[in-house]
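There are two complexes below, and they share subunit A, which is joined by subunit B in the first and by subunit C in the second.
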Partner chain A sequence: MLIAGPMGSGKTTAVQSLSEIPVVSTEAHNNDRAQADKLTTTVALDYGEITLSPEHKLRMYGVPGQRRFSFMWKILQERAEGLLLLVHNDAPDPVPTVLEYLEDFQDLIQRGAVAIGVTRMELLPRPTIPMYVEALRAAYPNITIPVFSVDAREAGQLQKVLVALVAAVEATAMVGAANEGARR
Partner chain B sequence: MNDAQALTWGDVADRLRSLRKLGLPMAMRIEARDAQPITIHVAADAYHWADDAGNTPLPEGPLQVRVRTLGLADRPLEVRTGTLGALLWRIGMVAFAHSAAPWMVPGERYRMVAWPNLTEVDATTEQVQLCALFGSAALDLDDVAGAVGVDRQVAVTLVSTLSLTGSIEPDPTAPVRKLKGGFGSGPRSLFRMIRERFGA
Partner chain C sequence: MKQSPSIHLNEVVVEAAAASLQQLSEQARSLKYAVVITDDGFELAHWPTSKSASNTMASMVSSIQALSEAVARELAMGNSKYVVLAVDEGQMVQLRVQGHHIVVGAVFDALENLGVALRLSTMAAESLGSAIPTDLELVTGEDR
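Presenting the complex of A and B:
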């Protein structure tokens, strides 16, 4: 499972909230305080795990938010089950930011494997969730991309988002199989 | 406009849906005995209810409703208890618990165009599964209920509620699709594993 988004959106926090192992984070001093007012930022990956069964683990990768690492997103998404794209609502122009990031994840979008998590809405309630939905509908009229407000510190909220995301993936596959059956 | 009749939550839902379709700056005030009034600013996507702790049960009827147009002199809601979508979900779950919304067309296929905000509403795992299917394609209600393994009324209540929130639309031109198998039932289903892991 990939967790992506701009710097400061809560990716590292989200992986830490979900993971049952101590998260392996690669951080460095943040030289771009204009973009995100925090001391450190992730320049490689955050890695966490959730054990699903004795044989299965869900591996989570928080990918760096700077666009110069977009080559990494392409590699990782090929084997990903899904993507949680986080954006913080107090960022400049968060709605266009979501659309811009989604351009790099088209395959996952087509598989129904993307959910958007909007963080820090308690600090700034606008844009509202319906505003994000409207923009996504305009950009992807045939795909319903889930959008949820989320606190990256709250494991319970993130689990709900994860359940919905995986449900969307399996539903898309189920409908695809029905379409195949209809064509034969 | 005052509605002095004793109304049900189904009546309130019907009026709210009409107001939302108008797209005008309107306020609705819902009054019930032994409860603080609920004030809804429709275009502002907000409501205020002093009694509400987020999951407080809606007051029982009979209800009275007052609707008025907001003017330039009206101030925004000073205290926003929550988003309108979250309240509409709760109203829908009560209003349509045992029947379909009056504007629903039997036999129609439905496509969900927006997910409910699951971190704001109290949705069951079965409702999430239903949403996932309706979000993937325009589907028949009975077919989806069967795929998830729920009673038809569960799907009716959900689709009625989503139509109140403007999140689902009929699509009579969609091709007929018959879903096969049970949702998330396979031994290698990631959904089944995640559901069991989180106790959802």
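Presenting the complex of A and C:
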């Protein structure tokens, strides 16, 4: 699973909150404090793991938020099956930002599943979740994209999103298998 | 120490970076392309200056550096000294300017001896490191 989204949306925090193993991080000194006022930023990936069952492990890859690292988005989505897109509600134009980021993950969206996690809603309650849902329905009328309000520091909240995402990935796989069977 | 959150905008450092790449190009005719970047992928200088800047190259050098340092850290193998990418058309060498949030990346043609490429790249990084004002913020143990 990929965790993507703009700089400062909480991707690294989310991977750290969820992972059962010490997160492998690639943090670099942040020279773009105007974009996000934090000391470091991810420049390659954050890697963490969750055990889903004795046979299944979910591997999480947090990707850099800045567009100049979009080559990493391309590389990492090749083998991914799900996308959790985080956006912070106090970012400029967060709804268009979600749609803009989704454009870069079209291949993954079509063959896997995607969920949106809106962070920092306690700081700025608008746009509301229904506003995101409406925009996503208009842009993707044939795909159901769930939207959640989440706190990237709260593993429990993120786990609920993950459950929905994993279920959607499995449903997509089942539909794909059924279609394949029907063609034979 | 002087705080330098945007080191790629520091004229002294940018000029020193350009000078180190110019020097590298004069020492290595095999040099095809070179950049000096910040840890987070902002370009300070590139060579040849006649070519436009490659933002992708700067970002890739940043990511590769971070990944190599993460691998060294995870395997408890100490600090990453340099990274070599050898391909059909040549080789890319990259290494950190010791003590700074700055990385040098250099692409050489396939005819260049790897040892020479490594030595010249290291000299360029050392030359740049010595030209950076000592009161600029250094990489600390907490950073790395």
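Details
Criterion: the second predicted complex is superposed on the first by the 168 of 184 C-alpha atoms of A that agree within 3 Å, B and C clash if a C-alpha of one lies under 4 Å from a C-alpha of the other, contacts with A are read in each partner's own complex, and residues count from 1 in each chain.
Keep in mind that, in the parts below, contacts are C-beta pairs under 8 Å (C-beta built on N, C-alpha and C of every residue); 3 or more make two chains touch, one makes a residue touch a chain.
Please read all numbers here as calculations on a predicted model, not as lab measurements.
By the document's definition of touching, of the two partners only subunit B reaches A:129; subunit C does not.
By the touch criterion defined above, A:26 reaches subunit C but does not reach subunit B. In the superposed model, more residues of subunit A are touched by B than by the other of subunit B and subunit C.
By the touch criterion defined above, A:68 lies against subunit C but remains apart from subunit B after alignment on the C-alpha atoms of chain A. Partner subunit B is touched in their complex by these residues of subunit A: 50-53, 56, 58, 81, 112, 125, 128-130, 133, 137, 144, 146-151, 157, 159-164, 166-172, 174-175, 177-179, 181-182.
By the touch rule above, subunit B contacts subunit A in their complex via residues 45, 80, 83, 85, 111-115, 117-120, 125, 128-129, 131-133, 135-137, 139, 147, 175-181, 183-184, 189-191, 193-198, 200.
On subunit A, the positions that touch subunit C within their shared complex are 24-33, 40-41, 43-45, 64, 66, 68-69, 71-72. Residue ranges on subunit C touching subunit A, taken from their complex, read 5-8, 38-42, 55-56, 58-60, 62-67, 69-70, 74, 101, 139, 143.
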